[in-house]
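First the structure, in the form of structure tokens, and then the observations on it.
Chain IDs A, B, C and D follow the sequence of writing; residue 1 opens each chain.
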Amino acid sequence: MTDVVFRLLRTPQGAMGLVILVLIAAICAIGPDIAPVDPEKIDFLGRFRVPGAAHPFGADQLGRDVLSRLLAGARTTVPMAVAATLLGTLSGAVIGTVSAYLGGRWDEAIMRTIDAVMAIPGLLMALLVVNTLGKGSLNATLAIAVAFAPGMARVTRSVSLAARRQDYVSAAIARGEGGAWIVFREMLPNVVAPVVIETTIRVAFAVALFATLSFLGLGAQPPASDWGLMVAEARPFLHQAPWMLVAPGAAIALTAIGFNLLGDGLRDALNPRDER
Amino acid sequence: MIHLHPTRRGVLAAGAAATMLPWAARAQTAAPKRGGTLRISVDQAVGVLNPLLTRVNPEYLVAELLYSGLTRLAPDMSAEPDLAQSWAGNAELTEWIFKLRPGVTFHDGSACTAKDVVASFTAILDPKTASPGRNNVGPVAQVTAVDDTTVRFTLKAAFADLPVTLAYTNAKIVPAALVASGLERLSRSAVGTGPFKLVSYEPDRQVVVARNDAFYDPARPYVDRVEVVVYPDATAEASALISGDTDLMSAAAASEFARLSSSDGVTALRVPSGQFLNINMGCDKKPFSDVRLRQALALTVDREAMVGFVAQGYGTPGNDTPINPAYRFYEALPLRPAQIAQAKTLLAQAGFPDGIDLTLVASDTPATRTQLGIAVREMAKPAGFRIDVQTMPHATYLDQVWKKGSFYVGFYNMQATADAIFSLLYTSDAAWNETRWNFPEFDRLVDEARVTTDEAKRRTLYGQAQTLMHDQVPSVIPVFFDLLAAQRSYVQGYKLHPRGAVFRLDWVWLGTGAPKRS
Amino acid sequence: MIPILDIDGYTLEYRTRAGAVRVLDEVSLQIAPGQVLGLVGESGSGKSSLAWAVMRHLPGNAQELSGAIRLDGEDLRSMGARQLEAVRGRRIGMVFQDPATSLNPTLSLGRQVAEVLARHRGMSAAAAWQAGIEALRHVDLRDPAALMRRYPHEVSGGEKQRVIIATAFACRPELIIFDEPTTALDVITGARILELFRRLREETGVAGLYISHDLALVSRVAERVAVIRRGQVVEQADARRIFRAPTHDYTRALVQAVPRPERRLVTDGPGGPTVLAARGLGVAYGRARLFGGKPVMGARGVDLELRRGEILGVVGESGSGKSTLARAFSGLARFTGAVVFEGRALASPRQMDRAYRRAVQIVFQHPDASLNPRHRVGALLARPLRLYGGAMAELPRLLEQVRLPPDYARRYPHQLSGGEKQRVAIARAFAAKPALVICDEITAPLDVSVQAAVVELLLELRRRHGTAYLFITHDLSLVRQIAHRIAVMRRGELVDLLSVDALGSEAVHPYTRELIAASPTPVG
Amino acid sequence: MSASWLIRRILLIAYTLLVVSLLVFGITQVLPADAAVMLLGENATPAALAAVRAKLGLGDPAWLQYWHWLAALLRGDFGMSMRTGQPVGPTMLVALSRSLLLAALALALMLVFAVPLGLAAALRRGKPIDLAAGIVSYLGVSLPEFVTATLLLLLLADRLHWLPATGYVPLTDNPVDGLRHLGLPVLTVSLVLIAHVSRMVRSETIDVLHSDYIRAARLKGLSPRRVLFGHAVRNALLPVITIVALDVGYLLGGIIVVEEIFAIPGIGRQLIVAIESRDLPAIQAGALIMAATYAIANFLADIAYALLDKRIRYD
């Protein structure tokens, strides 16, 4: 584990991504505590206040401090995106691995069905799911997980199949190893790396997808300070108070870039044979 | 039998001839120019074409272009002649006679007679049609044709406002033959007597209408063609007007209003209206059955600030009654100030010395419902209210919360009369009895005013009703919205109507500087 | 006389994060007109770098410290990009190791031949196409006109290599560089390519630099041979002499390592009871699909048996079914017929119980793939001990048995060299104390000297444990040194199963005879 | 490409549509609130609701509704919109044609920019242009479309007045005006695609440039230009076909937001409106048509790939 981090730090993208994400993680951890004011405190006279000493990032249409909302919102935005991705990844990975393990007609049937589900665009799927379950962060999380699962199932299956075809798996079968050992000890450690990389990059998509759901009024609900919701709420006031959009927009972009960089870095660092 | 023309001045007279309408005469400084294409943007799809079933402003707008009613609503909320040239009620106000304009024809060339009026109202009143007009045209029991140009309305109870309520958005006249065949055709095509004929209809993009040369007023409409375009995004819609892509926008978002006002060639339009947001409380159940709790909540709200938070300053403070200066019978009560200490006391007296936990439901359309919820949540916090704001899709809200819930945000257009808004929302027999307030004294006042023709007496009765509501607070009404819109400066004759659902585009003409649109 | 290629005191380094690595050290070589110089070295010796240096195609981190490279007296190092373009393909041709990857898969063969002619001989497109057809005809390709319009994936490996050779010779170059041109090919195909090369050389009198790891092969195509080790040319001599009288120790070791059929490494005969037998063994490959799909035969009707301590060599080209056989025996593929073990006929992999799995072990061709990269050596070796019983204390002994230090148990496979990895794989097989070890091309990816050591190790283990081997290989010379019997497979069928002594007799299958003829044996 | 492959591929599309139809039908069955409520809005009385529900056939058991729907579907009848009373099929297909126009223009624009950008980044690996392209593409894939759309609108429509802010003009009405109105939406959609595809082109090109056959081509003395355009570009672009086909799924999803903002009456906006108003036939038809589009796009990509890459042979 430590050597992975070490190797990660040696790739320029990985180091940069890690720095960004550590910063964001720190904000998630202590953000609400270091927020200068109550993020939900409304202030009639302070509406649309320009960034300045009182409000470093300005104030919004209800006079709430954008910086405080940004800091408080990190705790919902980032973990939610991560949770949605993990949930989607996990369920996708289970389906993909099972499919690869079963093989034959079962594999064919599962994958064809997955292909069919993938024909429904992710955002449409999320829209349908949220409308069915009701709006809110939790359901948006579920919706994104559902939208991600088929794609992850595909990825996992293809790496599982690749791992299954490796000679070390053949060697284990020839040795008479049990199914559990083969799946968990021989295949999984080799499947994890590509899946982790894919997951990391998808977190970036999840952040954007959350924001889009919020834009369509289906994600986090006011008065939450979720970044995507902040952007969505700021959009109508773009001409009047652009800072309302700039701050959370930049935060989303930074997070997404951080995860993208980390993913690219991990791609290099997690290759065990690449020892230079 | 007395003749009634209920204008603000209370003039008793037969309906004036259309060409002599006071407002029309006032609005015209130069002679209207004929011709040209007017492009007006709306923010929602025109999903329903059948005028008896329209529900939202863009649909009302299109219905108004294609159809006529018996009366139409002037900007001062009085009734003015449309298909009916004149009208009169009997002394008890239980029976009304409407004289129709002779020689009017539908777009398909057939004559429009009393038979069609009877058929139209029969359809509107039929529950199977499910027309929103059923609850809003007044206590009509029966409609009969006296002769080809005379229609008699028999009422269930005395009602002074009938000519105004008959101007309701859904009370449009359609051919009797179509009513007989089931009205299906009206969802795809239009056969009306309105100033324009339907050219093309695409619900989510654009509706095009062209001048009806057989319109009963040979002078109107002034423009040859109207294109109603659907631009769902407020920012983009405003940009389209600023860039000259459209001539008129039917409604502007508050967030775009400043930008529109400062743009060259654009005239921003603003009119105070009775459109309001409220917080409904279920008065039939605990905890809101306790008037002290309701009063406590009302006392937490800073109404002047709320105009800023919710209406971006484009509005007027509300005083917990649905009547504001835009209505005729407004009673100027002193504005309730925010008094947290007193609210705390009342809350304790109501049995919540440690505060109270509540969930306030807000539908997502329009977004201001949620804004109100959040602002109230913060304002009420110091008094001990711990309010959780829950937003839900409009469909779910209508299905599960509306009229059933005990704490939710409502949103209403201005109605034509005080009676309309009271009996729509607050009387015990209200069509949408949201608060289940059911206060007999209030019912009595409204009923009495309904059958009273004396202006001063009515004013007293409605004043008492408003005072009663202000004290009892069945719902907190903290803010009224001004209606906002914008037009290119060359557009002439358009006046923003406070009702919100009335547009009167047949009066609009294009002055110099208007672009040629083909 | 000016040599065609004159490399003089050439030193090359690669800058890496760990510092500069010297790849070529004061290398001096000359090739006279019409002469072919063989350059022999193991992987990492710098032989390929030398070829890239001559072609002026070095990676970005290369640093040339000294020396000159002259083509017919002209210094290549001082040439600009434009001049070099005119040299490459025109004056120096090159033939690459793997014809499968050296041709652009999306362009027709004709286009790839003709573009050189158009580029260097200024021909029109039509003329270049015609000349291309001639060039293909010249390398004995049948129906060259049709071949021109085909794509690389539509022709065999041998044909591809011929196309590349035709391209290299098309502009009548002064020098041709061959970089292991037969390594990726089957034995018989490789032999034919060599024949072609010999003929073209005679016809054109071109000079050549022939790079290979295979000393035996080089000694047959080159007049002179240079042996390169860690960037230094350790010996340079006449091809015949280098075999008979190598002077440098390293050369001597290389010569020693070359398998010679006449030098038998196994002297005892096979004996004892039958360990394993196949009765009418067949394997079908195919993928189950939802909509259609049909199986392909991998092997059919194979009968053979192995006795205790016997080494059975299995030879054949790739795709002949020899690895399929290994997969069936180790229970990796479903089969028809039966595998007979300890008197029991097993009809499917399911019936292979733990005793069978223990007794029959397999070592795969690529240790990189067969050792799980995420497990340490210790964990890899501990597994069979856990499965079949055995004390963990045996671990150091297992490593020592394959001549690896005990502290290697803590290493990951990627921290080991290729030979060491293969030793770990062998140690893992022997941890089970098997009766039979299936060796599936286990020496193919290894250098000659390493290969010899691995073979020696196997034989020693056999002596110690009496293990039988099913030795699958394409290297007939090697198998003739160690096997008791040889099975020849072709297109899924067993065409010959005979004692190694009977190989020379008249009774063998024609295909077997062809194989023997194609196997490179050193001159001298 | 054998006949059996084609048949199998078409069967797969049919299977895809069956799965999607079941899925979407299932979801529409559990959507809270129904079309009758939305239709009648605030004027719904129980009697009126019952009347409308009976008219819409909402009372039947789900499986029967599904069967009726499927049977009608096979006759080419998608049913009537509950919201507008218009036939859903033609409405959705017209909407689809607009979305496809938008998608096609976005794809074309993407190819024009993404390919040179990716190639330049690959050839100047680690140089400023590579880094710039990298940052642009990170931003492109990270920013939600509604943000990019807003920024573009602000810049190109409000500030510079280059393009109209919103609206849709059919090309048949006025081709020039129609294209101008498509400008902003096409730019928005293609920006994300450019970001994604230029990365793919870059990595594919780097892979190809490291391949043996490119080295072989160089060592044949071909000029760098000829190596790049005669040998490398083609091979680097082939895998991009598959990527683009998979991006059609994203495209159709992303179009939903873009159509909402720029008032393009395409299938994405039809779907949003349908979902909001619980217009079940419209939701079902829209989702099914979208899925079919995706499946057919991938099918066409497979065929294109096979035609362009001689290695691929389907049987």
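We take it that a contact is a pair of C-beta atoms (placed from the backbone, for glycine too) under 8 Å apart; a residue touches a chain by one contact, two chains touch by 3 or more.
Note that the structure is predicted; figures quoted are calculated from it, not measured.
*Asks:* Specify the chain with the shortest distance from its C-alpha centroid to the centroid of every protein C-alpha atom present.
*Replies:* Given all protein C-alpha atoms shown, the central chain works out to be D.
*Asks:* Does A-B or A-D have more contacting C-beta pairs?
*Replies:* A-D
*Asks:* Between chain A and chain B, what is the gap in Å from one C-alpha centre to the other?
*Replies:* From the centre of chain A to the centre of chain B is 46 Å.
*Asks:* Using mean CA coordinates as chain centres, what's the chain B-chain C distance in Å?
*Replies:* From the centre of chain B to the centre of chain C is 87 Å.
*Asks:* Between chain A and chain D, what distance separates the C-alpha centroids? Give it in angstrom.
*Replies:* 22
*Asks:* When the C-alpha atoms of chain C and chain D are each averaged to a single point, how far apart are the two points in Å?
*Replies:* That gives a centre separation of 49 Å.
*Asks:* When you check chain A against every other chain, which residues touch at least two of them?
*Replies:* In chain A, residues 112, 131, 134, 235, 238-239 touch at least two other chains, as defined above.
*Asks:* Of all residues in chain C, which are in touch with two or more distinct other chains?
*Replies:* Not one residue of chain C touches more than one other chain, so the list is empty.
*Asks:* So which stretches of chain D touch two or more other chains?
*Replies:* Residues 12, 32, 150, 158, 260 of chain D touch two or more partner chains.
*Asks:* Quick one: which chain pairs are touching?
*Replies:* By the stated definition, chains touch in these pairs: A-B, A-C, A-D, B-D, C-D.
*Asks:* Where on chain C is chain A touching in the complex?
*Replies:* 16-18, 288-290, 327, 330-332, 352-354, 357-358, 360-362, 364-366, 368-375, 383-384, 387, 412, 414-415, 428, 432
*Asks:* For the complex, which residues does chain D have touching chain C?
*Replies:* 4, 7-8, 11-12, 211-223, 226, 230-231, 234-235, 238, 308-311
*Asks:* Flag every residue of chain A that touches chain C in the complex, lowest number first.
*Replies:* Answer in residue numbers: 103-105, 108-109, 112, 166-168, 170-171, 173-177, 185-186, 189-190, 272-273, 275-276.
*Asks:* Tell me, which parts of chain B touch chain D in their complex?
*Replies:* 45, 47-50, 53, 55, 127-128, 130-132, 134-135, 184, 187-188, 202-205, 229-233, 235-237, 239-240, 242-243, 245, 393-396, 398-400, 402, 431-432
*Asks:* Going by the contact rule at the top, pick out the chain D residues touching chain A in the complex.
*Replies:* Touching chain A: residues 12, 15-20, 23-24, 27, 30-32, 138-139, 141-147, 150, 154, 158, 249-250, 252-254, 256-257, 260, 271-272, 275, 283, 287, 290-292, 294-295 of chain D.
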